[in-house]
Each structure stands twice: as structure tokens, then as C-alpha cells.
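The same subunit A turns up in both complexes below, where it pairs with subunit B and then with subunit C.
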Partner chain A sequence: MEKKKISFQSLKGWLYLLPAILFLGFFMVYPLIDVFVYSFEEGYNSASQTYFGIGGYNYSYVLHDNYFLQAVKNTFLLVVITVPLSTGLALLISVGLSSIKPLRNLFQTVYFLPYVTNTLAVGLVFMILFKKTAYTDGLINLVITWFGGSAVDFIDGPYWAKMFVLCFYTIWVVMPFKILILTSALASVNQQYYNAARVDGTSKLRIFMKITLPMISPMLFYLIITGFIGAFKAYSDAVALFGTNLNAAKMNTIVGYVYDMLYGDSGGYPSYASAAAIILFAIVLTITCINLLVSKKNVHY
Partner chain B sequence: MVDHMDYHKLERKNRVHKRIATVIVYALLALWAVIVLFPFYWMLLTSVKSYGAYNSEYIPKFYTVSPTLQNYIDAFTSVPLARYFTNTIIFTVVTTAVMLIVITLAAFAFARLEFPGKNMIFVLFLSLMMIPNELVIITNFVTITDWNMRNTFPGLILPSVTSVFYIYLLKENFEQIPDSLYYAAKVDGTSDLKYLLKVMIPMSKPTLVTIAILKVIECWNAYVWPRLITDDEDYYLVSNGIQEIRENGFGRENIPAMMAAVVVISVPLIVLFLLFRNKVMAGVSRGGIKG
Partner chain C sequence: MEVILQNLTKKFPSRDRKKREDVIAVNDFSFAIPDGKLIGLLGPSGCGKSTTLNLISGLLKPTSGRIFFGEDDVTDLPPENRGIGLVFQNYALYPHLSVKQNILFPLENLKGKDKLSKEEMLEKAHEAAKLVQIDDLMERKPGELSGGQQQRVAIARALVKMPRVLLLDEPLSNLDARLRLQTREEIKRIQQETKITTIFVTHDQEEAMSISDMIVVMKDGVVQQIGKPQEVYDNPTNLFVAKFLGTPPINIFNGQVRGARLYIGEDAVLDVQGVADQDLYVGIRPEGFLLQEDGPLRADLRGVEVMGRDISVISGHDALLGETIRSIIGTDNKVNLENATVRFALKPHKVFLFDKKTEERVQFGF
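This part shows the complex of A and B:
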């Protein structure tokens, strides 16, 4: 009797979990194993579901593909430029925000707006702001000429100009999250430390370097790590600005390469897509581990 | 006496310095606010400029003297914007609703029920949190294609109705509800399901609302999966729709109509945010990373 009750009770637990287990099994665990299988199946044909053999050819193909190398270069540039700039800028703005009282809520609300906008839709606005057409040089070029520069086509023009817009838009998109996290981190620093320092007559810069920064360093590193991961997965920002044919624009990212291999005009190669996705995952994992090692030395918990 | 004067002078000097610093801080904050708001202003402004006026402005104007709503009419008549909109609403509502059911059941099992293998499966769930979507999307694409679910709502919805992170968040919340309530309900002969519906869900409403809002934002902005799984315009969501409009709709030059579409797409989430400002911000800082 007692035993029967226990087994019913245990069945019940699994019953409640069943939907979650089914969905996760089908759409997460199985795909995770499958992606490795795909990446080693050579010459996979999605129509007949056959392949020639097992080996590392897919990886070697991807690593020798010029489109992939371009995508890796773009992604690394994007990461190296946007992560430090956006984190630094967010820190500056958050420190400014916490030092004022009137209008603070208004500023916070405004700063958060990019988070709730559709990346693809607002990207179009950035495109028309930066684009130079036969009809108009665009607003940004107007401003550039005010300062004596000459107009550049930021959307179909030189590589550095396109990279600039992409970085600018990426920073614009990721700032709300960073500002939010840093302002709440700053607000949670114990006021007593500041009072003690003020009594000692410590300078403001010194207070910031010796008290504020160490106190918020865990959150700062959290932002840097998630920032790296997010920037490595950049894709929709680029689509929003340059359209779906990113290879032609030489603006593709690693994630974009994966999707292009999978689907669309250049698609139909799940094996290459899998190999590229695993390479991306390996890069992200390595960078995250390095970040964690560095943070162990510098973060004060 | 002299010392006293100096002290006053110093204090005044200090005050002036402080005022200058405050002015600089406000100026910088205002500058960033302008950078954030300007694209929104520009899209609103462009959306009410007439097609002729916009294209005759070689040097763009910062204002318009004759605003028009014609572009909004064009946005709804010459491209199927209403269709994209309805699709997105269906997708968002169904995905969020199904996800809430799935995660509530799972979180309840983890927080309240005792069964063998619970800890093992929980650790397994947690480890799934580290799996990036990019890695599993390839097989999911193949699976959905094999099931002939391309260009269907189930195909769009099914892969995104579970979230390990939200299960975790909700489980933590459920565990805060005192055990004594559960035992009291048991004594009264209340079933587990009834206890979940009548006690736990009402008591965890704030967390559930936060999760729902975050999921709605995510669904409304979904781009990659819908793009992979739909190529029939009848099933496009707003993100794909706007991309389609950009590449094939209106003719490339009708930028005012394009901006009207962008405004229509952006407004719902901005309204949602302004209504639930604190909830959204608290929720995001607890674990919303845009992606």
C-alpha cells in the first residue's frame, strides 16, 4: 500500500515535467548531439539524406572558405570595438546618472528605449540616416559636410564606413542593458564606505578607483562576459543595415554565415553550417574561459 | 578673521566647481538622450512627410510644414502589413501562453513535489542553460522541414515554448511560498493541481507577469527562426515583413511609407514598456539579455 503510493507520487512529478522534457529533448538535447554528427558527415545530401563518409572535411572546407574568413574578421572587429566602448560608455553614463537626482527617472526611461524596439525595424532608420543616394546625401553626411568633411556612403561604400555604422548601431542597441545593470550595481554600493572616505578627505577620483570600481567589479565582469558572447553572435543588426545578402556586402558575421549555409540562395548545406556553428561555439567558449581566468585575478567578491 | 574669509572663499569656489560639474554631467546625459531619441524622432518625422516632399529634399529638413497620414494608409494597403501584424500577435500570444503552462508545471514539480531522480534531472536542465541557440537551430530547421511544418504556426512556435532559465526563475519563486500552506492544503484534501492553481500561481503573479513581458518582447522581435522557417508571405512576422518591405515592397524609394511601417511595428512594444516600466526593467536586470 505504502509502496504503491510512493510510486504514484513519483510518477506524478515526472508527469508535471513531461511537457518540458519533451520540448527540451526534441529541440535542444537531440539537436545538440545531431549538430556534431552533421559536422562530421562528409558530402551530406539533404534531399536523399545520404553522405559519403565520416571525417573533418566540413571543418576544413569552412576554414578555407573566403566568406567564412571575412565573417570571422568582421565578427572579431565588431567584438574588439564594441565591447570595450559600450561597457566604458555605459559606466560613464551610469556614474553620471547616479550623481544626479532631478530628471534621473526620465533619463533612465529614455535610455532603455532601444531595448524594447525591433532591431530590424529601427535598423532601417539608421540605414536611411547614413545612406547616400542619388536623391540625398543623408542626414549624417549633411552633418559631416557642416564640419568640412566630404560625404561618404556608409551603407554601400568603403569597408571602414560600413564597419563604423555596424559598430555604432550595435553599441546603440546594447547600451540599455549595460546602463540598467550598472546603475543598479552602483545603487547597491553601501553608502557607509563613501561617508567614511569623505570624512578622510579622499578625492573623488580616488574614491571611484578604490571603492566604487572594486565594489561593482563583479557586475562589470558579468557585463564584459555577456557582452563578448552577445557580440560574437551578432547578426540581425547587420541584416537590418545591409540587407540579407551580407556576403555580397562583405559584412557577414559568423552567425550569418551559419544561416546562409543553411538556408536561402547559398543554403542547403547543413554540414557546413554545423561545422561553422561548432567553430563559433569553440571560439566563444575559449574567450569566456579567458575572461573568467582574468576576472578571478581582478574581481573582488 | 582672515582665516574666516578664506574659508568662505573656499566654500564658494567649491560650490562653483560643483555647479560646473553638475552642468557637465547633465550635458553629457542629455547628449546621450538625444542620440537615443533622434532615430525615433527621425522615423516619426519621415513617416509624416509626403513622398514628393521627402524626395525633393536633397538636404534633409528637420521639420515638416505639411504632415500627412497618407504613408500610414500606404503601409497598410500596398503591403500586407496588417497580415504581418496579425501573425506576430498570434505567434506572440500562443508562444507566451504555452510557455507559461510548460514552465509552471515544470517549476512546480521541482519546487514542490518529491520524486526519485529529481536532483539529477534538475542539474541536467541547468546545464542546458549554457547551450547557445545557434548550435541547435540547424537541426531544428531540418526537423521542422522534415515534419512538413514550414510555413505553419506550430513550426514557428514549438521550438521556443520552453526556457530553462524561466523554469529556474519560477522555481526559486515557488520555493519562497511557505511549506505550511502546502501541508494545510493537504490536510484539507486539496489536490496538488488545485493547490498550484489556487495558491501558488496567484502568489507568484508578479514573477509570472515579468516572465510574460520578457517573452513578449522576445517574440515580437524574433527574426532568425521565423526567417528560416517561413518563405510564404502569409506567415511572415513583423521582422521578416519589414525586411521584405525593404527589399521588395513599395519600390525602394518610398522611404516615408517604409518609416510609417517601422512606426507601426515599434509602437506596441514602446507602449507596453511605458505601461510596465518598472516591471520590464526589474525583469531585464534579473536575467534578460537581448538575443
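This part shows the complex of A and C:
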């Protein structure tokens, strides 16, 4: 009797979970497994659903593909530059925001604007700001020449200039969310800790390093992890700035490479795309594990 | 260190936009706190006692008035230069630091000639920890400690710099009843051992009475009475102080003086000399009642509560302000519950008269 009751209970539980399980199963778990399987099927043809054999050739092809290596390089540069910079800047701005009183709400709104603005629209604006055409040098170049520099084409010019624009754009886009999270984290630190520190004559810097930072460390850590993952998944930003032919612009990212392998002009290779996707997955997993290990020592919940 | 408050006043701007008047949190507070004593600031919530403490600590600046620590005028000094230790109501222990790091924190802030070596710091931290008996918990995090232990850590952190004045903001309010009893003895002991002038804030009159050398009773920012706990209890200056001190609380009646006799209802209960004929409030402490078969004060008997040490007789009276008269009498008295009325005689020194308008004490001879 007792046993039956329990199984009925758990049946009910499973019933409640069913919609989510079905949904996740069809659209997440099954494709994940499928991608993994594709990545080992050599010469898979999606039209005829046939392949020659099973092995590691797809990985070897992808890893020797110059476009892929360029994409990996771009992605890593993007991650290494934008994650620390955007998090640091966001922290700076949040600390500033929480220590001013007049117009704080106005500033908070201004800083949040990029978050609600459409990526492609913003990309277009950036292009107009940075692009150098036959008719005009663009606004940024105008400023550079004012200060005695020479104009650079940031959109079709040298690699470093394009990378600069991409990083700048990425930082600008991801900052609002970080600022939002950090300002609320800062606001939730109990004022009494600051009072206690003040009574003990603690310097401003020491208060920040020894009290504020540890107190908001869980939020900071969350932002760093999601920042890493987000930057590794970057794609639309590059498209917004440099158009769809990213390989030609040498501005492709790993996700962009996967997309191009599937649907791009040189596309139609689901096996290569799957292999690249799995490699990306492995990279993100490794980085996240490292993050978690580091955080064990430095994050105080 | 003697702490002198001179005409201390603190006003806050009103939050209510319609009313432009400032809120006066502390109004013209003058008092010299003698060196090495334990002082309790006592009052209902919102009476300005915490504001007073924050003014002494320097976390708030007074609107007017001066504060002296001994000879030094500290009114314009920031908190860190006043040499105070402050224990917050919720302790404000840094949760990510161990007990040891918490206690070391104030020492690590010292700069210049006051700077200590690592060994000196550790030694001082251990001394402070030993004083509050937490030296075996040094490696724990505050989250792993009980409320009482956290309280001790907070006191140790406040004491480690050997402050001139120790300030405690509602130090016992977050503890359970038993721990509260224990900790208040502890605070008394620590204060006596260190001989640091200590000021603590509480709304619990029992707490203040039990450990303070002197208590300051406040209401609406104004000091009502200052004195030794027993003196204030035995000799309240006004109705508020009389009502605020004592458990069970004092019983208040509407009374009259006619021809130097005090009447409660129709009963002439006491001879009062030197008081003009008038209506007034009569306050009688619970222990001021004597059970007597021919006693002058008649009350409707409602019940008896036996509390072991003594019994409390619950009764009612038409002239009473409040629900019931609670009188405490020795256990050797027998109350016959069959009777509808109970009769009391009164101990004159437990009876206080207060003016109807000003609520100030009216003295009488007996």
C-alpha cells in the first residue's frame, strides 16, 4: 500500500516534469548527441543521409583549416581582451554610480540603453562611425586626424583596427548588463560593514579590496563565467560590423565558422561544422572548469 | 575616559514634504559620563538613544552642541580619530573573514608610528579574544558561530585597539532570553576588567537596570532622568519614567487629594501631607500593595497567579487606567478566591503622585 502511494507520487512528479523534459529532450539533448555523432561520421551528406566511415578525420580537417585557426585566434583575442576589460570597467562605473546621488537614475538608464538596443542597428551605427569610404573618413577618423593622427579604415582596413572595433563594440554591448548586476550587488552590501570599517579607520582602498570586493565576489564571478561563455559564442557582433563574409574579412569567430560550414557560401558540411562545435564546447568546458577551480579560493558566498 | 556631552542636539530634515519642520532626534542633551562606568541609554524605540550613540561615535555630526572625551573636544573629529570601539546591533562581522582576521582588522589599519608588527598584532588579538573567551574559535568564520559567540567576537574586535570609550548598540537584542542573561553579565565583567567607559543602548529596561552603573532614560529626544538604576526606579521624576521602568509595570489610577488624604475612587487610601487638593495620577508599584483584611483600597478580585517565589494578585478597579491591577505579594499570604473583592493597604514609598497636566512628580510627606 505504502509502496504504491510512493510510485503514484513519483508518477505525478514525472507528469509535471514531462513538458519540460520533452521540450529539452527534442531541442537540446537530442541535437547535442546528434552533433557529437555527426562529428565522427566522415563525409556525411545531409541530402542522401550517407557517410563513408567513422573516425577523427573531421577534427583533423577542421584543425588544419586556416579559416578555423583564424577564427580560433579571433575568438581567443576577443575573450582575453573583452572579458577582463568589460568586467573591470563595469565595476568601476557601478562603484561610481553607487557613490553619486544626484541624477543616479538618469545615469543608470543611460548606461542600460545599449542592452535594449538592437545588435544590428548598433552595428550599423558603429560601421558609420568607424568606416572610411571614398567620400568620407567617418566620425572617428575625423577626431583622429584632429589630434594629428592619420585616418585608418576600421572596417575594411588592417587586422588590428578591425579587432579593435570588434572588441570595442563587444565591450560596449555587454557592459550594461554587468553594470546592472554590479550596482544591485553593491547596493545589497549592508551599510553597517562600511560603518564598522570607518570606525576602525580603514582606508577607502582597503575597504574596497577587503570588504566590497569579497562581498560582491559571487556576482562578479557569475559575470566572469557568463562573460567568458558569451564571448566564446560571439558571432552576431562580427556580422553586424563586417557583414556575412567573415572569412574574407579575417574576422570570423568559431561560431561563425560553424555557421559558414553549414549554410555559408562554402558550406554544406555538417560533419566539419559538428567537429568545430564540439571543439568549441571542449574549450568552453575547460575554461569554465578552470574558473570554478579559481573561484573556490576567491569567492565568498 | 570621561565623556562630556554639552547641549547636544541633532535634527534630521523631515521626509514629509508637506511638513517642513525638522525632526529633532536628540534635544539639548547635557551629561558628564563619569570615567570607567557602564552607562545604559534607555528609552522606547525612536527616542533618540541610538542617534545619541552615533553622535558619540562620530558616525553622525551633531546639529549643535559639543562632545568632549576628557579634555579633548572630539565634536569635529571623524570616528577613526576618536578612539572608540563600536559594537553594532547586528554585529557587522565581516562574513568572509575568520574570527582572527576580524579581530585583527582594526589593528591592520594602524599606520605610521602606531603600526604594529605581526607578532604584536597577534598577541593583542589573542588577548582580546581571551578576554571574551573565544580564543578557541579563532579560525572559524562568523557564520559558523552562535549568536552569543558572534556578539563576543564583535566586542573583541571593538576592544582590540583599547578604545577610550566602548559603545554598544542594542548589544543583546539579537540573542535569545537565556543567552541574553548570560551575555549581559559578561558585558558587565568585561567592562569591569577593562575599566573602559562603556555606553550601551537598549530599549529593555530590565537589561539596563541589571548591569548599568547609571541609566539615562530618554523620550522623544529629551532626557527624562539620569541616575543609578535603583534611584530612578524608586524615585521617578515623571509619569513616563515611572511607567517605563519595572516589570510588571506600575499600576496607574486616577486619584484625588482632598484634605491631605489621597482618594482612589471612594477609598481614602493614604495620608499625603503637603499636597494641595487636586485631581492627579497615582502610580503604585506592584510590590507596593499589602494584602490586608481591613485595608483601605478595595479592588475586584479577578485571579491569582502563583510564580513560586511570590504570587501576583490580579484585580480590577474603576479608577484604574489600564486593564488590571497587578500586585505582587509574598507566598505566605492566602487569597480567598471566593471573595469578590480584595483589600489592600499601601506602602507609602511605593506610591507616586503625578500632576494631571504636566505629568511631573508631586512629592508628598508621610
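One rule holds in what follows: the second predicted complex is superposed on the first by the 279 of 301 C-alpha atoms of A that agree within 3 Å, B and C clash if a C-alpha of one lies under 4 Å from a C-alpha of the other, contacts with A are read in each partner's own complex, and residues count from 1 in each chain.
Convention: contacts are C-beta pairs under 8 Å (C-beta built on N, C-alpha and C of every residue); 3 or more make two chains touch, one makes a residue touch a chain.
The structure presented is a predicted model; accordingly, all values stated were derived computationally and were not measured.
Chemist: State whether subunit B and subunit C clash or fit side by side on subunit A once the two structures are superposed.
Modeler: After superposition on subunit A, subunit B vs subunit C: fit, no clash.
Chemist: A:Tyr16 in the overlay: touching subunit B, subunit C, both, or neither? Say first, second, both or neither.
Modeler: Only subunit B is touched by A:Tyr16; subunit C is not.
Chemist: Classify the contacts of A:Ile287 with the two partner chains as first (subunit B alone), second (subunit C alone), both, or neither.
Modeler: In the superposition, A:Ile287 touches no partner, neither subunit B nor subunit C.
Chemist: Which partner chains sit in contact with A:Leu85 here, subunit B, subunit C, both or neither? Use first/second/both/neither.
Modeler: neither
Chemist: Looking at subunit A, does subunit C or subunit B touch more of its residues?
Modeler: Of subunit B and subunit C, the partner in contact with more residues of subunit A is B.
Chemist: Which of the two partners, first being subunit B and second being subunit C, lies in contact with A:Val174: first, second, both, or neither?
Modeler: After superposition on chain A, A:Val174 lies in contact with subunit B alone.
Chemist: Using the touch definition from the top, say if A:Asn190 reaches subunit B (first), subunit C (second), both or neither.
Modeler: Touch status of A:Asn190: second partner only.
Chemist: For A:Ala249, is the partner it touches subunit B (first), subunit C (second), both, or none of the two (neither)?
Modeler: So A:Ala249 meets neither subunit B nor subunit C here.
Chemist: Could you tell me if A:Leu120 is touching subunit B, subunit C, both of them or neither one (first, second, both, neither)?
Modeler: Touch partner of A:Leu120: subunit B, not subunit C.
Chemist: Go through the superposed model and pick first if A:Met215 touches only subunit B, second if only subunit C, both, or neither.
Modeler: Once the two structures are laid over each other on A, A:Met215 reaches subunit C alone.
Chemist: Enter the shortest inter-chain Cα distance between subunit B and subunit C once the structures share a common frame, rounded to whole Å.
Modeler: The answer is 7 Å, the least C-alpha separation in the overlay.
Chemist: Where on subunit A do the contacts with subunit B and the contacts with subunit C coincide?
Modeler: Touching subunit B and subunit C on subunit A: no residues.
Chemist: Taking the complex as given, what residues does subunit B use to touch subunit A?
Modeler: Touch list, subunit B to subunit A: 22, 25-26, 28-29, 32-33, 35-37, 39-40, 42-43, 46, 55, 57-60, 101-103, 105-106, 108-110, 113-118, 121, 125, 128, 131-132, 134-143, 158-159, 161-162, 164, 167, 192, 217, 220-221, 223-224, 227-228, 238-239, 242-243, 246-247, 253, 255, 258-259, 261-262, 265-266, 269-270, 272-274, 277, 280-281, 284-285, 288-291.
Chemist: Spell out the residues on subunit A that touch subunit C in their complex, using ranges where they run on.
Modeler: Those residues of subunit A that touch subunit C are 190, 192-193, 195-203, 206, 210-211, 214-215, 217, 300.
Chemist: Which part of subunit A faces subunit B closely enough to touch in the complex?
Modeler: Against subunit B, subunit A makes touches at 9-14, 16-17, 19-21, 23-24, 26-32, 34-35, 38, 46, 92-93, 96-97, 99-100, 103, 107-122, 124-126, 128-129, 135-139, 142, 172-175, 177, 180-181, 184, 226, 229-230, 233, 235-236, 239, 243-244, 255, 258-259, 262-263, 270, 273-274, 277-278, 280-281, 284.
Chemist: What residues of subunit C sit close enough to touch subunit A in their complex?
Modeler: 57-59, 78-81, 84-86, 88, 90, 92, 94-97, 105-106, 109-110, 157, 161
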